[in-house]
Structures are given as C-alpha cells and as structure tokens.
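Chain IDs A, B, C and D follow the sequence of writing; residue 1 opens each chain.
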Amino acid sequence: MLKGIFPPIPTPFAGDEISLEQLKNNIEKWNSTGLAGYVVMGSNGESAYLTWDEKIKLVSAAKEYASGNKVIIAGTGSDSIKSTIHLSNKAAEAGADYVLILTPHFYQSKMNHEALLDYFRNVADNIAVPLIIYNVPKFTGVNISSDTVSVLSGHENIIGIKNSSENLAEQAEIIRNVQNDFSVLIGTASVLYPGLCMGACGGIVALSNIAPSECIDIYNMTLKGEHINALDVQRKMLKINKLVTSQFGVAGLKYAMDMLGYYGGLPRKPLQPLTNKERELMNEILTEADLI
Amino acid sequence: MLKGIFPPIPTPFAGDEISLEQLKNNIEKWNSTGLAGYVVMGSNGESAYLTWDEKIKLVSAAKEYASGNKVIIAGTGSDSIKSTIHLSNKAAEAGADYVLILTPHFYQSKMNHEALLDYFRNVADNIAVPLIIYNVPKFTGVNISSDTVSVLSGHENIIGIKNSSENLAEQAEIIRNVQNDFSVLIGTASVLYPGLCMGACGGIVALSNIAPSECIDIYNMTLKGEHINALDVQRKMLKINKLVTSQFGVAGLKYAMDMLGYYGGLPRKPLQPLTNKERELMNEILTEADLI
Amino acid sequence: MLKGIFPPIPTPFAGDEISLEQLKNNIEKWNSTGLAGYVVMGSNGESAYLTWDEKIKLVSAAKEYASGNKVIIAGTGSDSIKSTIHLSNKAAEAGADYVLILTPHFYQSKMNHEALLDYFRNVADNIAVPLIIYNVPKFTGVNISSDTVSVLSGHENIIGIKNSSENLAEQAEIIRNVQNDFSVLIGTASVLYPGLCMGACGGIVALSNIAPSECIDIYNMTLKGEHINALDVQRKMLKINKLVTSQFGVAGLKYAMDMLGYYGGLPRKPLQPLTNKERELMNEILTEADLI
Amino acid sequence: MLKGIFPPIPTPFAGDEISLEQLKNNIEKWNSTGLAGYVVMGSNGESAYLTWDEKIKLVSAAKEYASGNKVIIAGTGSDSIKSTIHLSNKAAEAGADYVLILTPHFYQSKMNHEALLDYFRNVADNIAVPLIIYNVPKFTGVNISSDTVSVLSGHENIIGIKNSSENLAEQAEIIRNVQNDFSVLIGTASVLYPGLCMGACGGIVALSNIAPSECIDIYNMTLKGEHINALDVQRKMLKINKLVTSQFGVAGLKYAMDMLGYYGGLPRKPLQPLTNKERELMNEILTEADLI
C-alpha cells in the first residue's frame, strides 16, 4: 500500500518551454525530506497544457532526479481510453511506478456506475503499472461514488484513489467499502488530519510542495496518536493551503514556491499570474504560517 | 459552552395533529440516555410545516417532559427579522434555553457578509435567550463564511453554530477564527468523529434520535483519545446515517424510530412516506448496524 | 385566461412600517397604463419579510387603489399547506382575485412529482380563488417539471404558472403539455419577447414596475406580429432589466423606482441598499435605456 | 456571416475503428438537403474519444464527401493553446473551412475574462482559418460572458459563437453586444425558433442530423415571418430533441440515426448503449414526431 505524503509537483517553465534544470533543483530539495514520492502531471502540474512529448520528458527527468526511495506517480488520464492506455504505457517505460487516472468527464451526466467501471477496467487491463483513480469533482464535475470505487478496488491493477473532495463523509464510505489493501489518499491538505483520522493512508496534497515538513508532521503525529499536535499543525496550515489551492490555484502555488527557495515561475497561459495585491496577501499569509 | 450530543427531534403527528403523548413517550426514553438536550423544531422537526401555535406548544411540552439536566434548543428562525424575534421570545417564555436560527435565504445571492451580520445582530440584540446560528446549505442554498461567523462570534448573545455542511475544511476555518467560548457543533453524524477531532464541542445530529448511545460513544471516545474505537463506531453508523438523512430524510428517520421502539409516524404532507422497498432497505441497514 | 403584463409590485416602507400612502401613489400611476393587474407579495414584494397582518393589509389596500379593470394577484404560499390555505383565503376575503403559490422547497431534494402534486392539490382544493403556480428555481432550488405542471393543469382551480426560469426549452415543454386554457406567464423580462413567441400568454415581470409601456409594447407588438419592433424594445431593455433583477435585486428595483417618479425607498433588512457606485451605474443604464 | 443549419455529425464506428464508408453514406444523404454544412468532431462527434490521427482523417473524408456548397467546421479545441493551434492548422490543411474551439475549462474557476481573452486571442492569431467559439456549460462548467464574447468579436479571425446554453437572456445579451458581422449560432434545437427570433443567424444543432428538413423549416419560416408555422414545427420537435440530447446523449442520437436510415452504430466506450427500454421510448417518440 501507498503510505505517506506525495506532492503533486508543478511543472517549471522557462519562457514557453519546460525547464528540466529547475525541475532538478526542486526535486533535489524535496529529496532531502521525508516525502514518499512525487506526482508528475497532476492538476498542479498543468497536465492539461502539456504535449505528450513534454509529459514523457517530465516523467523521465523526475525519475532520474528523484532519490531511489521516492515513488514516481504520473498523471496520464484523459477521456479517451485508447490515449490513456498509450500514454500510461509510455510513462511506465519512462520510469513511472504508478499512473494517476482522472475520472473521464466530458459527458459528465453520462459518467454513471457502468461507464466508470468500463473506463477504469479497460485502462487497468491494458497498462504495465498499477492504476490510482483520481477523483476531483471541482475540476471534472464528476464525483465517483463509493459503490463504484468499491467494485474497482477488487481489480488487481487498481490499487488506490486520490480523492480531492473535501467531503469526508464520502471518503469514509469509500474506506469502509473497499478491499483492505486499497490505498485511499487525501487529495487536499485542508482535510489532511481529519482524513487520516478517518483511515486514509496518506495524502497527495499541493501544500506539501511548499510545506513538506508540516504535512509529514501531520501524517506522523496522527499515526502516533499525537492528535493535539497534529491538529495544531493542521490549523496553522489552513489559510496558506487555501491560497495555494482553491483561491489562487497553480499560479498561487508557483508564486509561493518562488518565495520559499524553490522555483515556481509563471503558469502557462491561459492561467493568469497573481496580481500585486494577491502577491502581498500571499507574502502575509506565508509569514503568518511561519513558512517564510 | 455547549457540549455533547443533541438530537434534533422529529415532531410526532397523530393524523393531522401533533401528538404530545407520543412526544412524551419519546422524550422519556431519551431522558435515560446521556444526551445533552433536545432540539425542537429543527429541520427534522418539520418546522417549515408547523404553525406558530404548534411551535409554542411543542417547546412547552418538550421543556415539561425533559429531565432537568437536558437543555432545550428551539428552532425559531425565518427570513423575517421581526417574526424571528417575536417567535424566539415566545419560545423563551415557553421554556427554550437557546434558539437555533437558520441563515436567512430566500434572496440567496444577496445574503452576503453584511446582510448576514445585519440579520443575526438584529435578532440577537432583541431576544431573551442566547442564539445558535444554523448553517445548512443543502436546504437553504446559503453557506455562511468563516469570516462572517468569526465576526458574529464576538456578539455576546451569539454563542455557537450548528454547521450541517459535510465540508470539514470550512468547519476547521470556523473553529480557528471564532472566539474561544464559541460552540461549534457538528450538524451531521456522517462527519461526527472527524469533526470532533477537528475541535468541535459536540453535535446536533439526526442519528442520535435512533442511536443515542452510539453517538455519545463517538463523542466520549474521541474526548478520551480512544480514536480507534471512535472510528469503529463511526464507520458502523455511516450507512444508516445516510438513510435517515440525505437519502430518505425525515420520512426515513421517522420510520426508523417506529422500528426501534420510539414513535415516528408519518411526516406531514407534502413529504412522502417511504415506499415498501425503501422500508425493506431500512430494515436491512438497521440490522446491519446492530440497532434492531 | 390571464393575458398581458403584470408587475410584481415592491412593498413601500416608511422607516420600519409599510406605507400605504406611497403604495397608493404608485398604484395610481400604474392605473393609467395598460397593465393588466398587480401582483402583491411576490418575490419583489419582499413577502418573506412581511407579517401576516401586513400581508392582508397590503392586499386590501391594493384592491382599493387599483382601478376596476386591474386584476389583483396575491403571493400567499409557504411550505406549510395549512398556513398557505389559511392565508390564501384571508387574501381572497381582502380582495385577491388569484393567489400565486410558490413551490414548497425547504426539503428541496424531496420535492418530487408526488410531493408537488400533493401540495398543490391540497391547497387548490381548499381555497376560494384560483391558484397560479410560482416556479422560481433561483430562489427555491426547486424546478417544477413540465410533467408535473401538465398534471396540475387538469385541476379546475389551478389556472396558470408564473415561470421565472430563463430556460425557454422548459417553458416550451410546459406550454406543449398543459391544458389549453392554462395560462403560462413569463416570469422575467429578460426573455419576455422570445417567451411570447413560444406561446406564453403574458408576463409577471419586475421590469414592468419601471417600464410598463415598454413591456406592454413588447407584448402587443409580438401579438400583432411586429417581431422586429418587439425585438428592438426587448434588446433596449436587456441591461436595465438585469440590474433590477439578478444583479441588484429588490434594492435595485426600488432605487430605479425612486429615480423614475415612483416611490421605491429602502428594502427591509437584511437586504442591503445600493452602494453609491451601484447607484451611479443604475443612473447610467436608466439613461441608456431612455427611461430617465 | 454563417447562416443556416449545421449538424454536428456523429462519428461512425465499425467495431473499434472509424468507418469512413458509413460516414460517406451519411454525408451523401445529408448532401441532398438544405443543410449549410457539417460540424466534424463536435461534442456529438465524440471528439474527446478520438486520437489526432483519427481527427485529421475525419476532416479529410468529410471534405471529400461533402458537396461543394457545404461548409466544413472542425472541432479542434483543447485546454492547451499549443495543441489547439497545431491541430487546428492540420485540420485546415485537411480541408476545414472553420474551426470550432471549446472554451478551455479544466481550471474552471480560473477561466475568467482575462484568461479567456488570452486563450482565444492566442489561438486565433496563429491559425489559418477563422475561429468559432464553442460555449457549452453543461459539459465544461464554464459559461463565457457576453462581455468576453463582445471583446473577442472584435478580433478579425474570431467570427462567431456556437452557444449551447438554453438561457436566451444570455444569448440576447451576446447578440446585442457583438460586432455586426459576428455570427451567433444556436447550439441546441430546444430553443432554435426563439433563438432565431432573438436574432441568431442559424444553428449547430444535434437534431438536424435526424430531422434536417424540420430544422431548416424552422429556420426558413422564422426568416420569412411565418411565426405560427415555425412554432408548430418547434413544438413537434421538443420531445425527440430532448431524447437525442440531454436525456440519452450521443448514444441516443446514434440509435435514432439507425432507425431513420442513417448509420449511427454504438458510441465509443465509456459511453453506454441504450437499454431496451430506452430504445422503445425512442421508437415511440420518433413515431410521435412523424420522423419514422
């Protein structure tokens, strides 16, 4: 089972192109922490704005720069089953240990139990590495049900879910229903501590790009039963987490990285950079959270 | 501060009229448990379908039947400030210790920070008992922000919130921002355990009508740091809780009460009774949860 | 059948109290137009903020001030069947020719076909004047289906619907399915012209409070087949209509009335008055629409 | 300016592969009608499930099979500006006269005015054929505002919009605000007639795949001022249109094509075929609409 904290890493750009040099710098910094691995081409990796060539290049580079004990998870899903299989296998060849596959969502209202089973089974049957389901209703408009996850958890090549819903009732149902060896990972740091209380085995959370120690602390403290300490750290992270996720998104996360010694840079268009006022607020909240 | 578990009790009807006799039977059963008090005329009390006379009669009766250590909280809010003040004071005279006041919501998109401050301050300034804010987005379409709650928590007559959102990130922000003596109560048993982990001081949860011991166990175990036990009970309650809340609503809760030795009866029209198939499912899940 | 244009009139307040004097002034101005009647205590009448006594007083006064050829429609619905019947009959005694009854909505997700049939039939069976259904999803979260309206249109005391959805596909389905003598009234001036094209028999539209001639023009021109002229007027009214409805709501409508020789005044709390900037925009758009 | 009715044609599959033979048969049938052209790889073309090679093959084939007077519009948009430019230019080389570009939408909440301007300007500046904006909130969660469309209508290579919202108030605002030579096309047959009344210059509507004559009748009758006739046809088409769009989607449209002498076949997975019960309903409504 997957365990621990994984940052969904942003993709660094220099001008219009991916900067592998900056990626290397970032990963080397993260290598020295207790992070369990890296998610490449998740939502924070601007996967939607990358070409296939860029995606494969990123996976190879991440694999190369990551220290040996870090797992590489690659986001390779799209609505097309054919394309998803193809890209997933390329990513596996390039070094991905797992693939993170978004729920298909273009025809939102038709993505019912049967459709989602069909999609994930077809993909999982045809790829060389284990599959992690990626549920993120705020981007996709699709919310996979605990019943569907339960059935899929019986597939030997579907080994977990990153659930980015903040609804812990649904997450609790998922954990209750799935096979024992199925990994339920929290998808947003806003509910990292209570999600771990509810039985999640770790988290893929944007915040861990800029606050790896704090996220790992929440994880370890909860495991050790140090609930009051875990809650303290969780509360301290609430505001900054909101800024780098729902409020300012990828542009906010990248700016925070710039402020903290990592390379963030600008997001790709059409994502917009932070305004000056937003930057000021970010600096203020980074300071308040003792990160700067 | 409020502490512990409070059931939002259903209103028993015999034919078209309220049955105080059945109310008495129910309350006498609950009196023998560790429940901290009773919420009369919450959403589960079908407040929207009761006349003012019926409401006052209910508060008086609940006060009379409740054992001395049980707090009485009366749901008396409506969009009209004038009516809310009037009914709240009548309820206070009839024995209510607190009033639970729904966010105003008819003009949903206009219920911003200023409007909500205006509403709650005007009400709180003019009523004889302390006010608890009631946030229930699924019924009202309004979700009060943690900033608004934070300001209102500074008012001496506004002493808490029942938050029925399942979004624990928002709840965590509320707890972080409010005055220290402000009571944040979980509004739905689906997130009772993680909500308590996050610092809530108790819960007003429909499930405690039919499973008072289990809800009180979750509360006590969490307080004592027995997290694994608390999680066990929480998980066991997930399915049945869903049936008596989001899935079947008041009709479901009342049917479950009938099955468990309380009096539920039928909801008022236009709410519809359960179908036979829904009843069968309810029986099955009540059994699975070891309640029957 | 109902025909023509009806303004849902705002309730004028002087300080905290209803001003019947200002109501009289407004109605006398409207009496000289071709408006077909007046809706008292609709959403624009701040019905949610009025006491029962105030409501009955308003109906009586409106009936008295209205010229003989104007129909009086009173908004008397609430979630409670009992209260709705009671208030509707009081309104009928006070002079209402019709009542406009909001879909019940507190338990939104339970207001299915059967529940809505139960509600409207029970009310319609027990009131002394004909019933008009009021569908306004943006306030209630409930959208009555064309199938439900179709069944209800067969009840002899349910004679029409005010449909405030801007979705003309749904409106077209309603018109197609209902009994021939059932009145389908457009509920928002933003789609008045195309709604009439689709077969609606008139409109209950906020804009007609401040632009009665323009709304009546759209109605008459469409009926006479002068489509290009009707479209011209419709387009000219788009921006101002948005300001006095979705954008600024009742406060906006009342301010525009003040600017145009009617009495608007302030809305009741918790509704907030316009800011200075919003007033400037309102003046600008009123001028652009040739209303000032 | 674009004028008339364009079907967004489904992509025919034989087993797992595109069947150009069936495409040819379908297009030859449509060639004999008054349809103004064909949209290839719209939402009904299952664009989300096609590889780039398949897309280019489809455009070439459609261009070849279409009679000379039919315009070819290719759906080539994705979130990535780079990919959208690349695919659009390939489609232009393959014979597309216009490209239809979906609003970017993965980061829904960030797709504000500036982001959408950036996206569409960057694409339009770099492609060899004129661009049509594609707004379809039910699939994307993004609803482009009339202000944004207004600015974009000033770009010389952005010549129109397919607006699949059923909200005619918004459409009216768009038409009012854009440059005179900008083409506003209705995106769903449910509001074809009233949309044309409001000033739209034509429609890209799924229904025209199976009922080209009826859609063209609505268009011509409205233009000639034969409103009663246009409304008659519109009403007759309401139910069947709903089945082949919102209710059963692409699978429904394809089944209806099979019933009417075209080749529909099955959609690609994960889209599910109709159940037997759904097929029966489809047959019934096709008969009721006099199409079978």
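Remarks
As a working rule, contacts are C-beta pairs under 8 Å (C-beta built on N, C-alpha and C of every residue); 3 or more make two chains touch, one makes a residue touch a chain.
All values derive from a computational prediction rather than experimental measurement.
In summary, no chain was found to touch both chain A and chain D.
Centroids of chain B and chain D (each the mean of its C-alpha atoms) stand 49 Å apart.
With centres set at the average Cα position, the gap from chain C to chain D is 36 Å. Touching of two or more other chains is recorded for no residue of chain B.
Interchain contacts close the chains into one ring where each touches exactly two others, per the touch definition above. Contact residues on chain B toward chain A in their complex (touch as defined above): 166-170, 172-173, 175-176, 188, 190-191, 193-195, 197-199, 225, 227, 231, 234-235, 238-239, 242. Across the complex, chain D is touched by residues 43, 48-51, 78-83, 104, 106-112, 114-116, 118-119, 122, 138-139, 141, 246, 249-251, 268-272 of chain A.
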